[in-house]
Amino acid sequence: MLNESDLIALGITLKLALLTTCILLLTGTPLAWWLSRSRWRYKFLLEAIIALPLVLPPTVLGFYLLLLLGPNGPLGALMMSMGGQPLAFTFSGLVIGSVFYSMPFVVQPLQDAFSAIGQRPMEVAATLRASPLDRFFTVAIPLARPGFLTAAVLGFAHTVGEFGVVLMIGGNIPGETQVLSIAIYDHVEGLEYAHAHWLSGGLLLMSFILLIAVYAFNSRFRVVKNAI
Amino acid sequence: MLNESDLIALGITLKLALLTTCILLLTGTPLAWWLSRSRWRYKFLLEAIIALPLVLPPTVLGFYLLLLLGPNGPLGALMMSMGGQPLAFTFSGLVIGSVFYSMPFVVQPLQDAFSAIGQRPMEVAATLRASPLDRFFTVAIPLARPGFLTAAVLGFAHTVGEFGVVLMIGGNIPGETQVLSIAIYDHVEGLEYAHAHWLSGGLLLMSFILLIAVYAFNSRFRVVKNAI
Amino acid sequence: GEIRVAVASNFANTLKVIAARFEQKTGHHLIISVGSTGKHYAQIKNGAPFDVFFAADTYRPELLEKQGIALAGSRFTYAQGQLVLWSPDKQLVDSEARVLESSNFRYLAVANPKLAPYGRAAQQVLQKKGLWDSLRSRMVRGENIGQTFQFVKSGNAQLGFVAASQVKSEPASLAGSLWVVPEGSYTAINQQVVLVKDNPLNNAFIAFVRSDEVLKIIHESGYKIP
Amino acid sequence: MQSSIQAKFKLHRGDFLLDAEFSIPAKGVTALFGSSGCGKTTLLRAIAGLETAQSGFLKVGEMIWQETGYSMPPHQRPIGYVFQEASLFEHMNVQQNLEYGLKRLPEKERKVSLHDAIELLGIGNLLRRKPHSLSGGEKQRVAIARALAVSPQLLLMDEPLAALDQNRKMEVLPYIQSLHKELDIPVIYVSHSLEEVAQLADHLILMEAGRVVNSGDIHDMFTRLDLPLAQELDASAIINATVSGFDEVYHLMLLEFAGGTIRVAGQALQKGDEVRLRLIARDVSLTLEHQSATSILNIFPVIVDEILQTGPAQMVVRLLAGEVPILSKITRKSASELGLKIGTKVYAQVKSVALLS
Amino acid sequence: MQSSIQAKFKLHRGDFLLDAEFSIPAKGVTALFGSSGCGKTTLLRAIAGLETAQSGFLKVGEMIWQETGYSMPPHQRPIGYVFQEASLFEHMNVQQNLEYGLKRLPEKERKVSLHDAIELLGIGNLLRRKPHSLSGGEKQRVAIARALAVSPQLLLMDEPLAALDQNRKMEVLPYIQSLHKELDIPVIYVSHSLEEVAQLADHLILMEAGRVVNSGDIHDMFTRLDLPLAQELDASAIINATVSGFDEVYHLMLLEFAGGTIRVAGQALQKGDEVRLRLIARDVSLTLEHQSATSILNIFPVIVDEILQTGPAQMVVRLLAGEVPILSKITRKSASELGLKIGTKVYAQVKSVALLS
């Protein structure tokens, strides 16, 4: 049913999705926090820019990333001049592309969750000797828990399923940048439907189990508001 | 710069994105509400199922939708037997596919937003004579405002940018199911880069203006929590 | 009247020129849907309303014919793809393609052999040269010949096996270096067309495609005529 | 026959069990009194229909609000509810908060004047403000006005005045009273303050650990030595009296009750008006003789009815002033010096009398 | 030299302007008293450093917490803060809430015993519970304990006892007092209740519409007829006295103050102990002669110092009992009958005396 190359693609997919989700959470959290607290007048510009990559078709976005990161592109040229390697067709490139593309799915729910907390818990923590960083980790993040769950699930699932960007800047190199979504796509395009069904089924099952685990675990930690 | 067929594609895109977003909000809202209030033990199963379509590559998802909706598929056959038309390769088919695919981006933020409200405001409204439906519209929805914004933005942008599903079940028929994202993709594939740049630029600009308008408008209606 | 045509991405631009001609001549309008041949196959099988299908290979039109979805006997080869090894770099590609044995490049772009006939052709060429396995780690694969071209065009892959029609349609590309792969070192890339719906208008269009006028257009676009 | 509110609830909340049963008249103010955590809020919520999954029975007047298998949904119960925390709608300004319930009320059921409530609660200048910019007391006042605006047929108030200052309290309390007097709106009122209860309540429900330990008329409950109330710091007696005349020179009112005449500062009332007075037990001193040349104006003969020692040095004495029970808190020394026994005739000197209504 | 808290704040909140300046000793309890919306919470927040974008100056003891261009961040200020709404962390249980601040405190700075605070506030059985399952009063008690647990060098409390019942209040108040007595923690305490203020405060800051109208020693402030306090319903005098002996038979303590001896129930204290007493103005009656055969135990000679008419029928009289000012509220009729004038010598009968500490 699943051959070796499928398993390798599965491994890469998981690695990519996990890494991307981690990076998204790590970078998205401070960004979302800042967006939720800042009173900067032109904040809405930034908010709009973050959502913008979404409106381009993934392949096209991948195309522009390719132009940007390529040796003739501004970013690629910069990197090369600093002695770096071009990012296209590498796993790192995939990660960058995925992060860029899935950013809004992480930042927006987090921003909403942080906003919903309000000022008060942070003030209370301040009067209890917690430094800004301390209270961010011990109060803001635990209270924003549902937002983190949403952000992680959307970010992870979207990265697993996404393949336009990944295909474009990854180059579909087996063992390196060929992820499961591309493999399934290849099977469908190549009319190997049985194989595609197997792979899709497997992916769905795996994801379902993962999601169930996450949601079931989460439901035990709900913060209840004003029950009395 | 933009020719007639581009404008037609733009029209279809806007129509699709708006319609999809509306349908998503209309169906996602009660679903998210139910998810946020229900204490059903196996709720997490449903939550997982909603997020599931995300993990399949869009084209593959589209493929399965095609199998399902096509004249040989169970749903398509059913519709035919009831005297209906098969949905594949029609605008309605596009809408169904997009709704299905973007559902988690709408349901999750809404569910979070509804959960964040807590019981109290609804109880207060009940003691002020508001029926369940009344208080849902006058209290729950306004208080879940940030969630609606996030849901609408993610849902809309994702539908505009999405093209895998749309390509598969729409068939890229100009004037009918060819949306802008496919048109851009075609131009890139057809090496008409200049045209692709123009279209992408236009799409980005339009979306940017739209997003800015939404966010700027929204920032004037923020609900502030416990400021004193 | 209207004719709905599904066309493989690589032939789309050429078909648009043909369509314009046809419209001019007959006043009939062509609605062109561009896509990958695999996708079109799945769609036609599932009831897509296409009248004519310009595929990128022979396999899928054949299948449709066998399954009785396409009109038996309507199938014929409308163009033959020409494989070239191309680089935007003026110096890189020599007339013998020795560059392939050198380490002067990091990535070689090839279309996915499983999906794209150009990819299969490139595979055959490389296998003949005994390079297929050794170049594996330096090969990036495009889903179709369009993407393969973009890999090279954007400079991320230094060279790649692309279609002659692509290099031709992009005047700037001609400035680069080019090796036209000799015929015979790969199975001919026959692109076939098949009628899905039989009616006079569609037949008229097919007849037009067979006309010399059109053959000339196809040839000028970088394809060979069978 | 007088209409009544009959209730019986049994419900669990974690380890806590509310098992309360009471019957009170469906008029006047009923105070719900008990220590923190005894279940007052839970009981109030049950009455409002906000506690789900409960079994119980509730009949208000002729209407059954709840019985086995049926519970009228909260929004159909003609109640007003002031929550323990102000709970304003954050997305509406003060005016919109106030009008929320009002708008949902048919024109002809509008009896309470929102305008009056706004005036009295001093929130007229806050109407355009959002809740987040209000102070604690301001929020609470808006919440009270909002609950009043629905012209409820039963008003449920959960410590509504805790956040208000004394002066404002003294303005709001009579207004709440007037509600039930003029508009016939019964009120169930949770309070920690005996002073508030004395001021306001006609009826009292005494709670302890989820149960109703006693309920009844306030005059009675306040002066029963077997209830904990008489031992509270603020123990007092509530008596009804009638205005019988005025002392024009000194601006005093003469108030007649079964046990004598009481003089109180003020002249606002009419002859014949009924008033309620509070005699705080520690303000009532006892003498054997009728004393003169004292600033204490109110002195009348009483008979010792019951004596309870409440500490090594303290006693509470229940006195009857012509059948009307009043309390006096005195030291054991005084009691002994005066030779108090049940039946002893003494004079009660009441230093200060609070005119409650 | 005594260390002090000096503050000067000026800040806007919409239309509201806080423009407050005061200097109080950095010891004992300072009450912040004023009507709803006058800016008490805002001032307290400014002291805690929670109001941003403010200009001001704040010096506590020798430390400057804020001056132009500098503001010590809130988490570095050694304060404890009890918010007007309990504001517990919803994601932690009670125990975790209590330990949150404690954990962040170096071992050697831990002076307040969390265990004692838990005992006293009666929240020992709630430790495993989440805030959403607590009653209003329970939440507030946890919040108090949590603020105490950080062993603050300045305790800021915003109406902390509003949600507590009388009995619990009477337990918590002395505890708060003991904090500043035993651990030398100064407290700034917002309250609406003059009773609480009298009970607790050594110092008083009187606020009105965003400004400090007066601040000073509580003995002084309470008996000044030019301040609004003397006209409050609960107007009273606070006096200091020393335990001078016991009446073993009747369990009475004899308390000596400059104006005479006061007898109060109880025997808990040692001879020589300093105590504080509250004499409520309406409990103080005046006679021309020294009366006997009365249950009033405390009678002493005083001289009329000042008289203020507070209504058509009411007067407040400021009396000096051997230099110690006390207040008496009497009717105009009584004043006239007794012929009161400044300098008149009369006897003050004090019906009930509240022993405050």
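Letters A, B, C, D and E name the chains as they come in the text, with residue numbers starting at 1 for each one.
By our rule, a residue touches a chain if its C-beta (ideal position, glycine included) is under 8 Å from a C-beta of that chain, and two chains touch if they have at least 3 such contacts.
These numbers were taken from a predicted model, which means no experiment stands behind them.
Q: Name, by label, each chain that touches both members of the pair subunit B and subunit C.
A: In this structure, the chains that contact subunit C and also subunit B are A.
Q: In degrees and to the nearest 5, what turn takes the CA positions of subunit D onto those of subunit E?
A: Subunit D sits rotated relative to subunit E by 180 degrees.
Q: Could you tell me which chain lies farthest from subunit D when each chain's centre is the average position of its Cα atoms?
A: The most remote chain is C.
Q: As a test of understanding: of all chains, whose mean C-alpha position lies farthest from that of subunit B?
A: Computed centres place E farthest from subunit B.
Q: If you average the CA atoms of subunit B and of subunit E, how far apart do the two points sit, in angstrom?
A: 60
Q: With chain centres defined as C-alpha means, what is the inter-centre distance between subunit C and subunit E in Å?
A: 90
Q: Listing for subunit C: what residues touch at least two other chains?
A: Within subunit C, residues 39, 42, 147, 150 contact more than one other chain.
Q: Name the residues of subunit B that each touch 2 or more other chains.
A: 59, 63, 120, 188, 225-228
Q: Residues of subunit E that contact two or more other chains, please.
A: 13, 41, 85, 87, 133, 135-136
Q: Under the definition above, what is the set of subunit A residues touching subunit E in their complex?
A: Residues of subunit A touching subunit E: 120-121, 123-132, 134-135, 138-139, 142-143, 145, 223-228.
Q: Which of the residues in subunit C end up touching subunit B in this complex?
A: Contacts found on subunit C: 4, 6, 9, 12-13, 31-35, 39, 42-43, 45-50, 144, 146-147, 149-150, 153, 166, 169-170.
Q: For a test of understanding, state which residues of subunit C touch subunit A in their complex under the given definition.
A: These residues of subunit C touch subunit A: 36, 38-39, 41-42, 60, 63, 106-107, 109, 112, 114-115, 137, 139-143, 147, 150-151, 154-157.
Q: Could you please specify the touching residues of subunit A with respect to subunit C in the complex?
A: 59, 63, 66-67, 69-73, 76, 86, 88-89, 167-168, 171-173, 182, 185-186, 188-191
Q: What residues on subunit D touch subunit B, complex-wise?
A: Contacts found on subunit D: 48-50, 73-75, 79-81, 83, 85, 87, 89-91, 100-101, 104-105, 130, 132-136, 146-147, 150.
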